[in-house]
Structures are given as C-alpha cells and as structure tokens.
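Both complexes below contain subunit A, partnered by subunit B and then by subunit C.
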Partner chain A sequence: MGEGVKCVITGTNIKALGRAVHSLSRIGDELYFEPLEDGLCLRSVNSSRSAYASFTLAPLFFHSYEATGGTCHCKIHMKTVISVFRSLPSLEKTVEKCLISLNAEKSRLVIQLLCKYGITKTHNLSYQDCESLQAVYNPDTCPNMLRAPARLLSDAVMHFPQTLAEITIMASPCGKVTLRNYVEEDIDSTKTMLTELSLSRDEFLVYQLKKQSDITFCLREFRGLLSFAESTSLPVSIHFNTAGLHCLTCCPVLWESTLHTLPDLETGQGVGPAVFSVDDTVLEVHFVLATLSDTDRASQSESQYNRPPLHSSEDDFLGDDIDYMIAMETTVTHSPPPSSPTFCGHSCINPFQEAQDPLSDDEPDAGVPGTPPNKKFRSLFFGSILANSGHSNQEILAEDSDREEE
Partner chain B sequence: MPFLTQPEVDDEQYVLTCSLDNARNLSNILKAIHFKDHASCFATNNGLKVTVENAKCLQANAFIQAGIFQEFNIREESVVFRINLTVLLDCLTIFGASAGPGTPTALKMCYQGYGHPLVLFLEEGGVVTVCKIHTQEPEETLDFDFCSTNVLNKIILQSEGLREAFAELDMTSDFLQIIMSPDKPYFRLSTFGNAGSAHLDYPKDSDLIEAFHCTQTQTNRYKISLLKPSTKALALSCKVSIRTDNRGFLSLQYMIRNEDGQICFVEYYCCPDEEVSEADV
Partner chain C sequence: MRFRSKIVDVSCLNHFTRVINTISKLTKTCTLRLTVNNLYFILTDKVANGGVSMWCELSQGNFFDEYQMEGVCMEQNEIFLELIPENLSRALKTAQNAKSVKVKLTNKHCPCLTVALELPSLSSSSRIVTHDIPVSVIPRRLWNDFKEPSVPEFDVSIYLPALKTMKSVVERMKNLSNYIVIEANRNGEINLKIETDLVSVSTHFKDLGNPPWVSDDASQNSTQEIDNMAEARIDIRKLLQFLAGQQVNPTKAICNIVHKRMVHFILLHEDVSLQYFIPALA
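Here is the complex of A and B:
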C-alpha cells in the first residue's frame, strides 16, 4: 500500500480542526479521512444520504504536510474522533501541537497531541479502508447565491428552537430574505407556532437572485456549519436553485438537509440540494443539504412517503435508492476506468456539463416540466464520476480526486 | 420543643458530638467518595474517617481530622457505625449544595451509640432542621496492607494534570494501564478500547510533577470501572500522590483544600486487575 500521511498542525488551526470535526459529527456517524497531495479531506454523510459535508484543508493549513504514496481512503467512527477533540476550550488552552499520521502497517490513524507541561496524548484509532466519498454537486452552476457573514446567519438562526428540524429560507429578488420554521403539511398550522424573521439584502455580501426562491433544509447540520464559520469569521455562501427550474444537473449544494429534493426531480420541479460553502485560502468547506421544495406540496408529501425506505437502505446506496439521494458517489479505488467521456480534468464541473447537455436538450429550452428518468440521471453521474476516479487512480490519483472535491 | 438547646443539655448522653460552622466542609469531602450508597464511619480522637468500598477491590477513605471541626468530642476510644451515605449527603445539603452568598449552613452532629440514629442539627439563617439517620451494623472493612516501606514508585503531581485525563477516559476500555518507571516513558496512562488505544505520557521533569520517585518499572492494570469514581476526588483536589507497592496495589491520595483553606485527604486503594505478561505490553 505504501500510502501515508504525516502532518503537523500548530496554533489556532488545532482548534479549527477540532471545530471541523465537531461540525462533521453533526452530519454522520463516520468520518471519512482522505489525505491527498494538495490537502487533507475530511468528509461525512448522514445515514439517509441527504446531507453531506466536506472539509478540505490545504497544505498551507498545516505546519507541515506530507502525503506520500497512493491515495488512501479510510473511515473512522465519529465517536472516537470526537473523543480526541472533545473539549474545544482545552484544545485551545493546552494543546500546542497536533501530529496526524497514518500507520498503514498497523492500520492505525495516529493522532498525537502535544500539550502544555510536556504531556503527550497519543490516540491510535482503528479505521476501515473504504471507498472515496464524493457528492456530486456543483455550486458554480447555481443561479442563486447569497453570501453573508456567518454571524448574521447564526444570529438569525438562534431565534429558532433547538428542536426544530427544518427551516425555510425565502429569498426574493426585491431584496428580502425571510427565514421561517418549516411546518409539515399534515400539521395544523393554526396550532403551531410560526417563527419568521426577515433580513434585508443590505446585510448580505453577495445577493444574486434570479427570481423568488424558497428552499427548505435541515437546521441541525446548518447550525454545525455556522458554528464553524463563525469561529473562522469567514462568510458563508449559499448556492441554490430556484424552485421550478429544471436545471437538475447543476444542483448547487450548500448545506442541504432533507431528501425531499429527489421526488421533485422526478416531476421536474427540482430545487436540487443547497450548497453551503465557506472558503479561505487554507480551507474549503462544503455542506450539501437536500432541499424540500415548498412550492410543491404534492412532491413534499411524496417525499415524506418515501422517507422510510431511505433509512432502511442506508448502505445500499448503489441500489435504486440512489434516486432519492443526493447524487452521491463512491469511487472504487481500484476499479478500472470505464469508458471515460470526461477524461479531462475538472471532475466536478465536467461531469455536470457532460450531464447537462442531454438534459438541456429536452429541458430548459423546451421548458417542459418533465425530467429525464432517474436512472438516466444516475447513470450520468456515475459514468462521469467513475471515469474520473479511474483516471485519478491510474494517472495522478491524488490530484484528481482532490479536484473532484473542489 | 427547644431543638437548639436540646443537644447542649443532653451532651453527656452522646458518645460522639461534633460541630462545624460550615457543613460543606464535610459534605464536599464526602462527595469525593460517594460512589456507593453505604459507608462505614470510624471516629477516634484524631477525627472522623469515612470508608466506602466496591467489589472487594477498591476502597476509598475520607479523613476529616478533628481540627476541621469547631468542636469534636468523643467519649469512647473509637466509635464505629455504618450509614447510608446518600441520605447523609442529602441531609447535609438540605439547605442547598452550592456555595452561594450569605451564611453557610452550621452543623451539629451527635451519635448516642450502638443502635441509635445519627442526629444532625442543621441551621441556616435561623432555620433549624433536625435529621435522624438510622445507623447500621458496622461491617468489617478491607485491609489492603498498603505499607509505605513496600512502595516502589511514587509520583506527586498537581491534580490539574490528571483531571482531563480521567474525565476523558475511554470507558470502552476494560482497564486503565499505568506504567511507572525510572526510565522512559516515566509515567504513562493507557486505555485499550473499541476504537483503538490511547496513551498519555508525562515527562518526569514536567512542571506538573512535584515529586518523582520511581525505583522500578511497573506495568499494572486496574479496572477502569473501579477507578472512574476517583474522578470525583480528583476534581476537588489540588494535588495527588500516586503510589504502587511491590504487589502492584495502587494508592491514590488526594489533597483537598476546603473553603476555609484547611487541608483534608481522600485516599483510594485499588487492586491490580491481573498479572501483565510481557507479551501483552
């Protein structure tokens, strides 16, 4: 195997890493750890695969960063990782240096914390080899983008109860953004408390909106991103599609919370997942959360109807259930590349463009609210992704999969 | 009924009477050993010793020396009884457990002898509560025969250095392994849980370590479920002395400073889990 990684983190970045792990722990039960030549990727996906998060830490983030050999992908139980970084205040106060290395011989991920008073904490975590985890999304193709200081969003979200599952953001081109708690259709709205809060476009750093758009997504994961973004004082970008548009292939993923999107796709009313991102020179964070189109009540109930099977088929995500997920990819590391239509570089964008062409043929032009069948949708994603992964495996493995992430 | 005057009048009938201006000086230290419902109490001229045991492998002792009490009178050479510690603590904190502003709770504690209840008079702001707690047949406590002449390794360190370690112990590990050695790694705490192993190394010249007297490399394992309760004592203490004897028995002594700046001690003894063979290390 020969692969390995050795990196050293110092100063405030240790806490940033800790916060990243805490954010990821809100998503899934497993942490995907992927050291690439141009950065360390930490990812997680929830059990119903409706939420996905990815942190890419550039080599500059580290005091030193060294990834050698081939690509390696491993997953670790979130609980064990979180136990290493449990107390953020003490990370900040006592830890002076953090060393992460992969011991492939013993199958251990070694996280060493050098603390005050010369104390050394060494955690040898067991891990599982796994396939690379990739969500298929491309924020760049989203027509709508809002960017705001994390503080603004977290202050707004603060007013909603901790138990609230989903939140709706309604953005209008005239410059008003309204946040509202999402009430399920079958609940009598006269008997529930509605919380609504409006923000003006002046408070946003970027306000790019084509038409009135409503997106509903999970709040819990979103809070996770916000707490990370707030600590880094970086703005949060929200990319999303407009309800009713048929641009299926370019679902921008910000922070997505529910699976409800996919039934929408079937009817051509898809909103696509929302992508929430935080970017810096040294780190890049993407949260992809499935959205629920509030404009289409029918699709909503359909999606609710569809939920149980999703949960029951957690691991079977190469099966037909893929239709209901964010188009999520697992690239088999050693799989030979299938016929690769998209052999050239940028994994994320190209697949999408590739996929977009056939769609755009019958859709945006025609304006027909029918989308291609899900199977086609899926195979498009898969084909292009596998092509890419194959490409990366055989040629410049690490580099390419990293681009996929971006 | 004049509760307050009653104890003064009847003092002669009690084999043990003691009083404290601040009941928390007693309740706090008892909390450090409160991992089982029942405790044995021994009173001598030197003060009060309260013992709690678990699984015949662990013993915790809290020492509240006579000097801590404003008044400590004992009419017999020693007084022994067993009591429900949970109930005793509930009574001691009947006016609230936290150290708030205002006057502390004053305590007078009396015991008439075998077969009688332990009587507590608690007073705060002119309100008096009288608690009578049934005492039980004293049971024999374990003798660990832990003798300082047999101690091979001893480390005294500031509790701060161990607090986080004990708070974050991987409870999926069956045991805590302690290595004490005159050579590297000097002092190492290890757990071996479901998710892998974790080691905590303290260099012997660390500022946290006040004394380092290790004569021989020892690797011993202790049931983590037995040691976990000592976290309570650790949390209250300012210093801890860790000793192991030639049989691998562990002694943890915690120095606890009470609200009046007086020093008390809590001690935990623990049997080693098993012989560690070379192959396991």
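Here is the complex of A and C:
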C-alpha cells in the first residue's frame, strides 16, 4: 500500500460524518474505509450480508481532501470508530475541526478532533487491509421509485415498535402506499398486534410505480438511514422491484420463495435490490437492504402473482438466523449443502468470483422444492447482477470470509 | 356484539393514554369490561400474578366523544375482553397529535380491538394508522369471575403521602430487601419498614389524615386504639410497580390495611378510580 489520505472536515459536516458513522454502526461490525479520488467511501455490510450501506463523501464535503497514490482499502472495527463520534451533541458543541489521515507506515488511521480551548484529541485506530467492499446493485434498473422527505418516512415508521424486525411497504399504482409490520409465519398472528399505515401519493415527491409492489425489509437499518437523512433534511429515494422479483437482493428469503423467483430470473427481467438512497452534491448515501419475498402475503394482496403453494418443511426446523446464513452461501463448488449453519463462516473465500455462474446452473434445483437452494441463492444474488451490470469480477470483491485475525 | 368509540378531545386522549399506561405497567394481561356507561380494566387475584388484583373504572362519558356498544343480549348488555394493555398503550403512544382516535371491536384475522388514528398530513387526506390488537372474547359463563371486589374489612384506612416521595423511598428500600412492611394507624401515621439481617430501615410519615368511612365510625371512638398499628408485609416489587407505574396523578390516594392480610390502594382522580390489592406475606 503506502498510499494515504489526508482530509480536514470543519463545521456542521463533522456532525454529519458522526451521523454517518452512527448509521453505519447499525449495519455491521466493521467500517470499510476507502479513500478514492472522487471522495471518501465509508461502507459497511452486516454479518448475514442482508444489508449494505455506503456513504460517499465528495471532496467538496471536506475543507480539504487529498487522496494520494493508488487506491487503498481498509477496514476498522466499528466499535473503535463509533467511540470517536459517540456523542453527537458534544461533537457539535466542542469540535471545531476534524482531521483524518491514514498512516500506512504505522498502520494507523488517525482521527484528530481539534476542540475548543486548544484541546486536541487524537485517536489512532488500527485497521486491516482488505479488499474493496462493493455490493452490486443498480437502482436505475428498478421500475419503481418513490421519493419522499425523510420526515414523512420517519413519521411513518414511528408508529411501529422499536423491536420490530421487518416492515412491509406495499405500493400500488393507484396512489396508495401502505406500511405494515411483518409477522413471521411461525408467529401466532392472534397474539401479535398488527399495525398498518397508509400514505397517499400526494405526500411523495416522486411516485413512479409500474405495478402493485410489496417489499419487506429490515426496519432497524432503515431507521439508521432515516435518522441520517432527517438530519440533513434531504429526501430519501426508494428503488425497488415488483413483488416476487425483489428477493434477489439477499437474505431473509425463505427457500421456497427463492425457487419461485428463479423463473423470473430466467426471463431476464430487471432484478435488483431495494435501494434506499440520499443524494446531495457533496454526499451520496446508499442503503441496499435485503427484501423478503413472502409469497403468502403477496398472493393475498395481489392475485396476479399467483404462485404455486408453499411447499416447505424446512421452515419448521430452520430458524430465521439459519436462513440468513444459508442464504449468504456461495456457489464455490457444487458440493452438497452444508450440514452446519456456521459453514459459511469459513468456507467460501471469495464468493464473488464464483458468483458468475450462469443462471442456468441453478435451474435443476429450482424444480425440486425439497432441496435447500442455499448455495444457489448467493450466486443468484451476485451472479445475475454481474451479468446485467457488466462489472468485471475483480472490482467486486467481498470481504474475506475467513477471519483468522479475530 | 358491537363496540365503537371515538376520542377527539386532546386532553381526554392524554388522560385516557395515562390511564392505559398505568394499567400496562401494573399487569401484562387484563380483562376489559365494557358496559353502556363505564369501562373497567380488571385483574383478578390469580396465584400466577402473585395474588395481586386490580380494578380500574372509567366513566366513558368523560373520555369518549362517541361511544356505542351492544352486548351479547339485552339482559346482559356487556362485553368482556381479554387483552394485553401494553399493546393498547403502544397504540396510543404515537396518537398524541391525532385528530381523532377510534377504538372499535373488529373481527379481522381474529377478534381485535382496532385503534385507528387519524393523523394530520401534508396532503389533503389524513394519514390513517390502524393498530389491530388481538383480544379474546370472554364467554358469559366466566363473567362471574370478574366481579367488583368489595372493600375489605380493613383495620386502618389512611391517606397516602405524596406518591413521588413514597416511590423514592421504596425504590431505595428495594435495593436492600425483597419485602416491605407497611404499617399505619388511625392517627394519620404510616411507617414503611424493611428489615434484613444487616440493616433495618424505617421511614415515618405523619399527619396524613384518615378518610372518613361511614362504617367504622363506631370503633373510631376508643382513644387507645387510635395509635394501634395495623401492618402488612408485602412484596416490595409489587408496591414499587404500583408507585412507579401510576400516571394518573390522583386527587386522592388511600391505603387500607387489613392486619397481616392485605393492603388495598385506591387512587381517585375525577372520573377514574383505580384499586389495587396486594396480599400480605407470612
């Protein structure tokens, strides 16, 4: 490496950076720090890889920005970074200048906070070199886009309990957006409070919808984005696909739904993740969240997506967590399915390179509902997008899955 | 069986929310009894909830702008539902700036108490939030289990000191002991005591006054009895739950003690009355 970065942040942007770190900390345990020519990239992905967030801070965001030499990528423990920016009010009150530099010789990321009364706090954070973290998604291929003030969305999600894991957004072309809490199938719905909220299209800034669409995604991460967006008072754009096509984005998808999605993939329809973005001249924020394809619910609300009835017994013995993990599995080789849910932690070295498997490879399994398509799912996720976007696989590298350093 | 009601007035809504919050702090599940004039939140003294019981009575006219109910039949024009008050409390939490709140009994995927909030929005139409709270309808043969408890034959009845003060005292005592002894006399004195192997703490309150109960006039006359303490040893967590959870800011708070048997609290606030019974431990 030997390359470095030196940047200075002043004024309210210090707090914005702090908020960005807070939002990222809701996603994963590691912060990917990547200084590029056209700005500083901060990224994170959660352990199950069902949520990915990326903040790109343009050089204009900084008082001065200097990325020297070639590219360097490193990752830092989220805990150490969050401790630097923990208290946002005191950041705003006391810090006048923030200096970030990468000291490659000592392998330290140095964050200096120049505070009032000449106090300087210097944080030397250790980091690890790593590959660039880059999820593959292309919001432009999504047929549906909603844009709304962050305030509207946070006022809407406020009605849902803090502990709620997933939320469903149902949008119809006639101009009604409904949010409701997602109840897992194995939970007795006669014991759970259901909350539903409707918004009319007049409240949205952009309402572009081709078909009735439902998406279900994690609320916690979404709240993280909203709290950032609200502070910047920028609108949030939501790009998503039609119901049944979206589960490609990743994880909490149950097996059978993966199967149902396969035919759609083969027809080459535009498949893409649900992307939540906030854009400004100086910053660009993307949250890519896994969406859950619930065939049951989709058929309830929209008969045009009649799919074969659910056929699964796997649900019963597989907890949600296991689903998450398995869904992240890669097609490294076409070996038998893992016997242990921890399998993915140390088997696949570079999922993305293998992810280019042609989709047709997945076909045989598609017809066998009893076969766990766990390995296919990942290849679906990345492979198809790769094909669409035409990226070379070298650019698209995942974090190493074997973390001996920990 | 039908029930629908509507709250428009903000202060009524706040008041109702506070009552519900109080109840949700006291119990995980409770029975909601709806009659033409009143709402009751009832917890019966099951062993499962530590023998405590609760009776909370609200006059509907003081809360609701619209209130329609139709029971099972004309003779028994009442509805008994079992629900989790926490759900109701959560539904009302974000209702504070609602234009109106409707509470109605619906039959969706299961019997539900549906709380529909009409919230102001930037567009011409309001935002509607609905919360479907699952409830179970209690059959008529079980209604007898939910009778209003009679005021026990207490030995002492006394006004409580400021609940906040009492709460902060009990909060500290809770760190030392699991049990608390409440003792009081007819001379307006209450003592809160804990005793452990290492420490004894007691807090004394005086000049609290004793409410005039019609029935006990006769025995009140004997002067030597007036300083006699009636006491009950109760679970300190139950007491703290009651003191910490209450949000009704009562105009009157009364404590009745049945010597070595139970403590009975009554909170009165205009149109709400809340009774809470904590059994004494040996």
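Simple rule for what comes next: the second predicted complex is superposed on the first by the 265 of 406 C-alpha atoms of A that agree within 3 Å, B and C clash if a C-alpha of one lies under 4 Å from a C-alpha of the other, contacts with A are read in each partner's own complex, and residues count from 1 in each chain.
Note that in this section a contact is a pair of C-beta atoms (placed from the backbone, for glycine too) under 8 Å apart; a residue touches a chain by one contact, two chains touch by 3 or more.
Treat the numbers as computed from the prediction; the structure is a model and nothing was measured.
Asks: Using the touch definition from the top, say if A:195 reaches subunit B (first), subunit C (second), both or neither.
Replies: After superposition on chain A, A:195 lies in contact with subunit C alone.
Asks: Answer with first, second, both or neither: which of subunit B and subunit C does A:90 touch in the superposed model?
Replies: first
Asks: Is A:77 touching anything from subunit B or subunit C once the two structures are fitted on A? First, second, both or neither.
Replies: A:77: touches subunit B, not subunit C.
Asks: Looking at A:203, would you say it contacts subunit B, subunit C, both, or neither? Reply first, second, both or neither.
Replies: A:203 contacts subunit C only, not subunit B.
Asks: Now for A:158: first (subunit B), second (subunit C), both, or neither, which partner does it touch?
Replies: The second partner, subunit C, only.
Asks: Which holds for A:108: it touches subunit B only (first), subunit C only (second), both, or neither?
Replies: In the superposed model, A:108 contacts subunit B only, not subunit C.
Asks: If we overlay the two complexes on their shared chain A, which of subunit B and subunit C does A:125 touch? Say first, second, both or neither.
Replies: first
Asks: Taking the superposition as given, does A:211 touch the first partner, subunit B, the second, subunit C, both, or neither?
Replies: Neither subunit B nor subunit C is touched by A:211.
Asks: Which subunit A residues come up in both lists, the one for subunit B and the one for subunit C?
Replies: none
Asks: Within the complex, which stretch of subunit C touches subunit A?
Replies: The contact residues of subunit C facing subunit A are 84, 87, 90-91, 94, 108-110, 112, 117, 121-125, 127-134.
Asks: Which residues, counting only subunit A, touch subunit B once they are in their complex?
Replies: Residue positions touching the partner: 76-77, 79-80, 83, 86-87, 90, 94, 108-109, 117-126.
Asks: Inside the complex, what are the residues of subunit B that reach subunit A?
Replies: Counting only subunit B, the residues touching subunit A are 161, 164, 168, 170, 194-203, 205-208.
Asks: Please name which positions on subunit A make contact with subunit C in the complex.
Replies: Its residues touching subunit C are 152, 156, 158-159, 161, 189-200, 202-203.
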